Amino acid sequence: MTEYFQDYITVGAFIGLGAVLVLAMLGVASLLRPSNPTKAKYLTYECGVDPVGDGWAQSHVRYYIFGLLFVIFDVEAVFIFPWAIKLEELGMFGLVEMVVFIAILTVGLVYAIRKGVLKWE
Amino acid sequence: MLDAQAMAQISETSVAVELETSDMTLNIGPQHPSTHGVLRLVAKVDGEVITDVRPILGYMHRGYEKISEVRTYPQVIALINRIDWTSGYANEIPFVVAAERLMGIEVPERAQWIRLILTEMTRISAHLLFMGSFPLELGATTPLMFALRDRERVLDVLESVTGGRFHPNFNRIGGIKPAAGAGKEQKKLTQDLPAGFFTETEAAMDGVIASTDQLEKLLRKNEIFVARTKGIGVLPPEVALSYGVTGPNLRASGVPYDLRNETDYLPYDQVDFEIPVGTEGDSFDRWWVRLAEIRQSANIVKQAIQKVPSGPLQAKVPKIIKVPKGETYVRAEVPKGVMGYYLVSEGGQGPYRVKIRTASFSNLSMLPWILEGVIVPDLLAVMGSLDFVLGDVDR
Amino acid sequence: MESLLENFWIVLVLKLLTVALLVPVAGLIIGYAELKISAHMQARVGPYFAGGRYGWAQLIADGVKFFQKEDIIPAEADRPVFKYAPILVLISAVSLFVVIPFGPGDALVVRNLDLGIFFALAISSVGTIGVLMAGWSSANKYSLIGGLRAAGQLIAYELPMVLSVIGVVILAETMSLNGIVEAQIEWGMPFVIPQAVAFVVFFIAALAEMSRIPFDMPIAESELTTGYLTEYTGFRFLFFFLGEFANMFTFAAIAATLFLGGYAPAGAEVFGITIPGLTGPIWLSLKIGVLVFVMIWTRWTWPRLREDQLQTFAWKWLVPIGLANIVVTAVMKVLF
Amino acid sequence: MADWISLPVNWVFLVLALVIAFAGVKVVTSRNLIHAALSLVGVLASTAALFLLLSAEFVAWVLVLVYVGAVLVLFLFGIMITRAPMGREVSLDNERRGLAAITALATFALLAGTSWVAFGDVEIEGVGDPITTGDLADSLLGRYLIPFEIVSFVLLAALIGGIALARKDRSPAEEAERTDA
Amino acid sequence: MSTNPPETEEASEDAATPLSAYVERIAAAVGATSASQELDTAKLRVESSDWYGAVEAARAEGLTMFEFISAIDWANDVAVGDEPEDEVEERYEMLCALTDVDQRQTIILSTDLPKEGATIASVEPLFPGAQWHERESHEMFGIAFDGISSDANLYLPDEFEGYPLRKSFALLSREVKPWPGDVDVEDMPEKPAPTGPSTENPGA
C-alpha cells in the first residue's frame, strides 16, 4: 500500500472516529439517563409562552449575498494555493499573472462594498 | 491598479439588496435572560430588523395601589419597598415624606441626613448593578463581577444600619427606625448607627470610586463597546419629555433635570455635587451618565457623613398614625428616575388613594418608539441601557 | 516490538486511541483553564471544592451531570437533522487532529499529509453545515437566527483565514504542516515575524470560527437565549461544547505551527538547536497554552460585536488585508 | 474478472458509487428541500472520495472546501431565506415526472455510452501516485493560462450578476424616493 | 356629558398659601375654574369638556414633561379600606401631572367625571406617553378615553371582569383569607376585623 492510500485511510478512520465518539457517548448515556417524557418538555422554547407561528420562517436575504461573495472568493483562494507553492519557480511571470487575477476579483469586492451590499440598513 | 473613474462609475447607483421575505413574530420574554424580570416583547422581525414591537406587561402586577388602600401607613412602607427591588430604600422616601407633610411633622435633622446617606448608597448599589448588567447584555461578563464586588460592600453597610440588604423597611413616619439590634440605651443616646459606620462607609465609598475608575477603563474606550452603543437608541430630549422619561435616561439626552437639586425632600442643598449630563442621548451616554452619577453619589455620601448631627431620630408621632385629610404629590429622585406618590388621605389609618408614579413605567412606555427599525442585537443595547425593573413598571 | 510499530494498522489504531483520549482531555484542560483564568480575571476564585483541591474535578462533575440528563428532541424538530448535527460538528473537530505535528518525523504526527493545511481548512468548513443544520432543525426562532448568524459568520471568516494561510504557504513552499515547521527552522525565524499581519488575521478569524467572544453572536445568550443550541439538552448539547474546546486546541495548534515554529523550541531556529524528538510535544503545548490563554483573555475582556459590524469587519478589512498580504509576500519572495 | 475482485480499490469505488447513486436519488425525491440539500452533502463528500481514489487529492479537498463548505451553505441560505416551499409535508412534485425520468435516463445513457466508447478498455494509470499540487500549478499557469485568467472574469460576472439578481425590484417611484433620501 | 364641578371646598377655604405667580399664570392659561397650592402641590381644576384644551394650553406654557395621568374614585360606600371621614361627592377625579423642566414647576390638572359613563378626551396626541397611563386608568377605573389609539388592557388578562381600583371593587383574597393571614406562628393578641388594618405601629 502506498503512503498516499495510508494517508487517506487514516483520514477516513478519523472521520469515523468523530461519529463513533458521538454515538458511543450517546449510547452509554442512554443507559444512565432517565426518560420521563411529558408533553410540555417537547414544546418549542419561546420564552415561556406558546410558540407563535412557524419556527421555520424566511429570514433576510443579506446572508445570501455574503454566501455568494464567499463562494466566489473561496474559488479564488483555491486557485492561489497551487501558485503559492510554486512561486519560486514561476518567478516574475507567475507573480504578474496572479496579481492580475487577484486585481480583477478585487474589483468585484470594491463593487460590492460601494454598492452598499455589505451594509445592513 | 484600479481606475478611479471606473470605481466612481461602479458606485454611482446604489443597489438595494432585498428579496421578498416574510415577517417573523418573535417573542422576547417573559422568560428571557435579559428582560429584567418578566417583560414580554412581541416583535415583528424582518430578518433581524424589528418592524413593530408590542410590550406586554402585567406579569408582575401586584396591585400595590389597591393594596395600599387597605393597609395602614407603616404597612404601606413595607410594601412599597418592593416596587423597585434594586432600590428598595429610595422607594420609601417620597411616600414617607408625603405622609409627614400631610401630618405637618418636622423630621429631626439627624434622621434626614441618615435618610440622605442611605438613599445615595441605594443609588450607588442600583447603578452598580446596571454597570454590570448592561455590558453583560452586550456580552462582556467581567464588568459584572467588578461591579458586584463593590456593590457587596455598599450593601453590607446598608445592612449594618437597616438590617436588610434589599428591603430595608427602615423609614418610619417622623424619622427612621433605630438601628437593628440597638438596645434601649442606644435609642436614647442616638447611637443609632452601628459602631464603625463612618469609617466603613468611607472605605466602601473609596472602593466604589476605585471601581468606577476600573469600569471606565475597561469600557469607555473599548472599541467594541463604543461601536455597540454610540449612536444606538438615540432619544431626543423632546421625545423623552413627552413620554415622561426621567432620571439618568433623561439626563443622558441633555436635560439637566434632577429633583435632588430642585425639591427639598432631603437636605441635598447642603452638599456639593454635579449633575452629569449627556450630549447625544444614545446608549453610550446613558451608560456614562450612570457611571458619573455613581461617583457623584459616593462624593455626596462622603460629605454627608461629616455632616450628620447628633440628635433624636424620631419626631413625636402618635402611637396610632392617622394622617389628616388632604392630598399632596411628593416626588423624589430615585435611581431609576422620578418616583412620585400622589397621596390622598381622608383622615384614616391608611391612605384613601395612592397614585404611584414610577420611573420605569414612563421610561419603558417609549419602548415602541425607540425600538422601531432597530435590529435584534441592538435591541439589547437599547433596552439594557434604559435600566428598567419590571416591578417598578407593573407595581 | 520494532516490527509491530511499523505495521500501519497497529499504528493507526494506537493513534486513533490517542486522539480519542486527547479530545476529551484537551477539552477538560482547556475548560478548566477557562474557568480558573476567567475567575481570577474577575476577582473570583472559580471552582473550588470539586475534587478536593482547586476544584480540579469540576468539569468531570459537569460531565457526569450531562450523562444523567434526559435526551429531549422537541416535537416540532426535524428529528434526523437534529440528531446528526452534533456528529458533523465533532467530525470536523476530530479530523483536524490528523495533521497537527507534535514533533519531527512521522512518529509524532498522525499523518503528515502533503496538503496538510489545505485539508485542515477544508475539513473545518464542514462544521459550518453542522451548525446550520442544528439551527434549522430545532424549529425554534432563536435557533434559526442563531444558525443563520453562525453560518454567515463562519463563511465570512473562513475566507480571511484561507487568505492569511497563503502567505505562509508562499514562504514555506509546501502545504504540509511538518514541512512548514521545517521551513521555519530553515529560515531561522518563526513565520510570525515576516507574516505578522497574516498571524493577526488568522487569529481573529480563528476566534470568529470558534464563535468566541467578541464573535459569539450565534450564541449570544442575552439576545437569542443560546442561539442554535437553544433546544439541545444533555449530551447533544455537550458535543457542541466539546467541539468548541477541541477547536480551541486545534486552531491554537495550527496557529502555533504556522506562525510560531510549531514543535521547534523557541529560539531553535536561530541557534540551530537540533530538536530531540520527544520535547516537541512540550514545546507545542507551551505555544498552544499561550494562544489559548490569549483566547480566554479576549473573551473575558470584550463585549460582543454586532452581526453587521462583524461582516463589515471581515469584508472591508480582513479580506482586503489578506489579499494585500498575499501580493506583498509574493512580491518580496520573487524580488529577494 | 478475478483481477477486478482482487483490487480493493474497486470495492471502494463500488461502495462510493452506490452511495452517490442513492444520495443522488434522495436529492430529487426528498419531499423536504433541506433534506434534499443535505443529501447533496453526501453526494459531494462521496465524489470527493472518488477524486481521492484517482489520486487527485487537491481536487478532492477543493470539492469539500468549495462545494460542501461554501456552495452548499449558499444553497441552504437560499432555501431558508426565500419563499421557496418549506416545511415537512410540502409536495414539490409536478406532473412532468415521467418526462424528467426519461430525460435523466437518456442523459445517463448518453454519458455512459460516450465513456464506454471512449475509454472502454483504458486502465487508469497512476492510481496511488498522487498528482502534486505543484504539477497543478504548472499546468494552470502554463498550458491553461488563458482559461485561468478568464476564470477571474467569470467569477467577477457571477458576483455582479448575483448582486443584481438578489436586488428587490422597485417601482420607479420607490427608486426615486430612495435616491432622494 | 360633562359635569360642571362646583368650586371645591378645599380650594376656597384653605387658600392659606397664596398662589405663586407661576401658578397664577398657568391657571389663567388653562382656564382653571379654581386653583390651590398646598404643601408644594399646585392643583388646577378645569372643566372636563375642556380637558384636552387645558392640557394643550399647559404644554404650550412650557409644561412639556408628562408625569402621569390617573384618577381618584370618590365614593362614600367603600368595599375595602377606610371610608372617608366626611361625605364626599360621588365622582371620578381625573389627574394629570405636568412638569416644566426649565422653570422647575409641577402642575396638577384635575377635573371631575360622573360615575356613570365616565368619558374624557385622550391626550395621547399631545403626549404619546399618556397612552399607557390612560390605558391603566381605563382598565383600573373603567374610564373611557376618546381618541386613544389602543385601550387594550395593560396589566390584567383580557377576560378579567371588574375595575380593580374602584372603591366598589372588593379584594376577594381579603375576604377569603383575613389579613394578616392565619399563617402566623404566634396567635395575634386580638384577631383584627377582617378588613380593618392592624393598629400596631411598629415604628413608634
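Each chain gets a letter, A, B, C, D and E, in the order it is written, and its residues are counted from 1.
Here, contacts are C-beta pairs under 8 Å (C-beta built on N, C-alpha and C of every residue); 3 or more make two chains touch, one makes a residue touch a chain.
If you're wondering where the values come from, they're calculated on a predicted model, not measured in any experiment.
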{"item": "Chain hops separating chain D from chain A, counting only touching neighbours", "value": "1"}
{"item": "Of all other chains, the one whose Cα centre sits farthest from chain D", "value": "E"}
{"item": "Separation of chain A from chain E, taking each centre as the mean of its C-alpha atoms, in whole Å", "value": "62"}
{"item": "Separation of chain B from chain E, taking each centre as the mean of its C-alpha atoms, in whole Å", "value": "25"}
{"item": "Between chain D and chain E, centroid-to-centroid distance (C-alpha), Å", "value": "72"}
{"item": "CA centroid of chain A to CA centroid of chain B, Å", "value": "45"}
{"item": "Residues of chain C engaged with two or more neighbouring chains", "value": "113-114, 118-119, 136, 141, 144-145, 148, 151-152, 155, 158, 175, 225, 307-308"}
{"item": "Residues of chain A touching at least two other chains", "value": "46-47, 51, 56-61, 63-65, 67, 69-70, 74, 81, 85-86, 106-107, 111-112, 115, 117, 120"}
{"item": "Sites on chain B at which at least two other chains make contact", "value": "14-19, 21-22, 24, 27, 32, 47-48, 375"}
{"item": "Sites on chain C touched by chain B in the complex", "value": "38, 41-44, 141, 145, 213-214, 216-217, 220-225, 300-309"}
{"item": "Chain C partner contacts - residues on chain A that touch it in the complex", "value": "1, 6-7, 9-11, 13-15, 17-19, 21-23, 25-26, 28-30, 32-36, 41-47, 51, 55-57, 59, 63, 66-67, 69-70, 73-74, 77, 80-81, 84-88, 91-92, 95, 98-99, 102, 106, 109, 112-113, 118-120"}
{"item": "Interface residues, chain D side, partner chain C - complex", "value": "32, 34-35, 38, 41, 57-58, 61-62, 64-65, 68-70, 72-73, 76-77, 80-81, 88, 130, 132-133"}
{"item": "Interface residues, chain B side, partner chain C - complex", "value": "24, 26-27, 32-34, 48, 135-142, 145-146, 149, 218-219, 222, 224-225, 227-228, 375-380, 384"}
{"item": "Sites on chain A touched by chain D in the complex", "value": "2, 4-5, 8, 54, 56, 58-61, 63-65, 67-72, 74-76, 78-79, 81-83, 85-86, 90, 93-94, 97, 100-101, 104-105, 107-108, 111-112, 115, 117"}
